[in-house]
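Pasting a structure here, questions to come.
By written order: A, B and C. Residues from 1 in each chain.
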Amino acid sequence: MKTTSPVTILIAGIGATVITLAQNWKLSGFIFILIAGILFPLTASGVFTFQITQLLIYAIAIAGLNLLTGFNGQFSLGHSAFYAIGAYVSAILMTQFDMPFYLTIPFAAAVCFVFGFLFGLPALRLEGIYLALATFALAIATPQILKFKPIEHLTGGVQGLALFHMKPEAPFGLPLDQDQWTFYVTFAVTILMFFLAFSLVNSRSGRAMKAIRDNQIAAKVTGINLSLFKTLTFGVSALFTGVAGSLSALLIAFVAPDSFQITLAVAIFVGMVVGGVGWIPGAFLGALFILFVPNIAEHIAFGLAAFSDFVRGFIPFFPTIGEQSSKGLTGTVYGVFLILLIYVMPSGLAGLLRLAVQRLAQARG
Amino acid sequence: MEQVVQQIVGGLATGAIYACIALAIVMIYQAIDHLNFAQGEMAMFSTYIAWQLMQWGMPYWGAFFLTIAISFVLGYAIERAVFKPVHNAPVLSHIVIFIALFVIINSMAGFIWEFTIKPFPTPFGTKPVLGGGILSAHGAGMIAVTGIMLVLLYLFFRFTRIGLAMRAASANPDSARLVGIRVGFMNALGWGMAAAIGAVAGIMIAPVVFLEPNMMVTILLYGFAGAVVGGLTSPGGAVFGGFAVGVIENLASLIPHFGAEMKLTIALALIILVLTLKPNGLFGRKIVSRV
Amino acid sequence: MSTPLLSAKNLRAFYGPTQILYDLDFDMHAGGITTLLGANGAGKTTTLRALSGMVKTAGEIRFDGKLISNKDTADIVRLGVAHVPEGRGTFVRQTVEENLQLGGITQPAGQIAADMDLVFTYFPRLKERFRQQAGTLSGGEQQMLAIGRALMLRPKVMLLDEPSFGLAPLIVQEMFGILRRLNEKEKVSMFLVEQNASLALELADHAYLLETGRVVMSGPAKELSQDENIRRAYLGY
């Protein structure tokens, strides 16, 4: 458990001053995030640091999917494939070619971009639910492809690749342990990726993407090259999720085919919906959801199991929910959560916030 | 050569399963203009119901038809209870609902009947039908049942008033309302029928792949591949596509390294290939929509 | 004064939060032809959709004395209101035969053949194209099909949304002639929305003028056709 040192308090103090002095709230907001990020691993436990690092990684993955679905209208339930590719590219480059981790990230990004672009080509022919199903197929096939015997010498087959011994140490002899350094690397990449995402979304290309989402035919009529934009967006989206995958290889220090199952793709998708489709910052909320809600569902399921045992004490023929079976209940609770979510918050948290802002504006005006 | 023939015939047998699912997918799409990929899970759940009925002593065919009826009701009920509130929401909400249904049904099956694999009986026996043991009696039975179902469905949609109303409700819901068709009710019926079709598929498949909560996941994808190959708008094409996928899958297993572990990849590759080369499938109609 | 067949009081209609119709009042008696005139965007189509329960409304709509505001479209149709929508609403992938069958889908099966024969007496061309896919018919033929489909309902009132739209003048004349005969012989009351004001005023006995969601003028069709302002704005002379 790290304790707060006088140095960190000093930094916090300077930070607070800067924020209050800064006129531009965006700038001060950014500085606040920066300082929070710098201070965080120094004051938090190793486990918590690990979790938040994972959160950032999921956020990048979700942002990637959001670019494709939220901003360009193409559904994907297959982004676990790109996450896996990113992770494996990094792992392979590190184990087979002794490449330092930082260098593997751009490679992972490039490879994923290419794969995303290539998958975007047949995806041009599919819409809506059919595209979802095709990408679903991609996600399910991914673990199989990763276990493919002829490439086992590269991928490590079913056992995957271990990277424990390759986690980079903090440079310049800084007094940081691996968890902390991993966090800083991830934090820096997160800032970069989200900066890129915001820039893209607010650029001319971003407007073209959104035009395609809103009305393909109208977009085409204004001269936007549909095929080019849609496939490029697929590529960029894959790039983002691939970078997230690459970082996850660093964090978990291990890649194996079964780590990248369809449940991951579904999780990323659900995270996007929760955060709010078409709203980049929502990715963090979505990541929060997918990190903690399955646990909550599990706890509720166990609670129900305990409750049924309790009731059984009074009503002998009340069904018992054994430990095995409460696993089944977890899924049910999670599914019910999801349904309620989509009824209550169809536009995710973004929609809720938008509604709140609207109401506030109405109240004022 | 003999191996190839063996695989082809075997492929036709498994293809019957995929044809069933592909047919269900296309029929559902035709009927309700939606695709519910929790349908595979509903089929699995129906199969468990049939199994349970038989555990309680009901004879096979009794359980078969009763399960179909129960599945129809369940499909109808799920549409009205779960899907109707989000009917007008964007496709994204629908996908989330399907995901949620998928997870719930899968978990419930595991919860009620546990995740252990169970054998499932067949009424056709396991004796080989053609010489050389390439087609079992069950395989032949599967093909026959699929065929009968296809004919019945075709007759229903082509020659009955309700079938016509369902087609109209999916093709043009606004106009359908203007002739007095209750579109919501038609949708629910569509789901009921889809569930019934799925039940038949599940009951036919279970003897081959064994009964467990995850049995339908990969099969759904093969069915989808079949539907894509045949063209998403053509029921006959879907059936053809299903058989084609079965045969191709079996033939591919002859290629070294492409054993059972790579089956899903083959389905995926097929989907991508067809979509790139002939996006409307082999028999699909090009749908021109006016702006 | 007998109860009107179709009437609206304080009718307001909305697309989401936007209000389109403002406190419309009108009524129509059985056997009559009423026309609703107005420029583009006046709210004519919205009015018909409000009557059919296709948009959110406030206020009262009564059909045959019964309150039908905000009822389900299918239920309103089954009461005897046939709506021939803007753009015809043809089931393009189905045949002419199927389209007509769909028109009568709520009617007893024994009735269908006789009703189809009736449709053919008014629209012989539809009989020629019986098994043809409806989407391949010409504009005029599709309009006839749409009206024929509405007839299969044995409606008490027919709501027609711009039936002349996109059709050649000769076809329009022919069609309006058929509408008159339908009204006189089959006793189908009609509520006609039209941009072609001169034809509409010729056919109808009563007329309303809609401007940006409000009724600004109403009266017997003959009177309105001789009104100075209407002549200048809508009749072109």
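Miscellaneous remarks
By definition in this document, a contact is a pair of C-beta atoms (placed from the backbone, for glycine too) under 8 Å apart; a residue touches a chain by one contact, two chains touch by 3 or more.
Model, not experiment: these values are computed from the prediction.
Listed here as common contacts of chain A and chain B: no chain. Taking each chain's centre as the mean of its CA atoms, C is the chain most distant from chain B.
The chain occupying the central position, as judged from C-alpha centroids, is B.
Averaging C-alpha coordinates per chain places the centre of chain A 33 Å away from that of chain B. Computed centre separation for the pair chain A/chain C is 54 angstrom, with centres defined by C-alpha atoms. Chain centres here are Cα means. That of chain B falls 43 Å from that of chain C. Contact residues of chain C toward chain B in the complex are 52, 54, 72-74, 77-78, 82-83, 85, 89-94, 98, 101-103, 105-106, 109, 149, 152-153. By the touch criterion stated above, chain B contacts chain C in their complex at residues 161, 164-165, 167-168, 171-172, 174-183. On the side of chain A, the complex with chain B involves touching residues 69, 75, 77, 119, 121-123, 125-126, 128-130, 132-134, 136-138, 140-141, 144-145, 147-150, 217, 266, 269-270, 273, 277, 321, 324-325, 327-332, 334-336, 338-339, 341-343, 346.
Across the complex, chain B meets chain A through its residues 34-35, 37, 82, 85-86, 89-97, 99-104, 106-112, 114-115, 217-218, 221, 224-225, 228, 232, 257, 261-265, 267-268, 271-272, 275-276, 279, 291.
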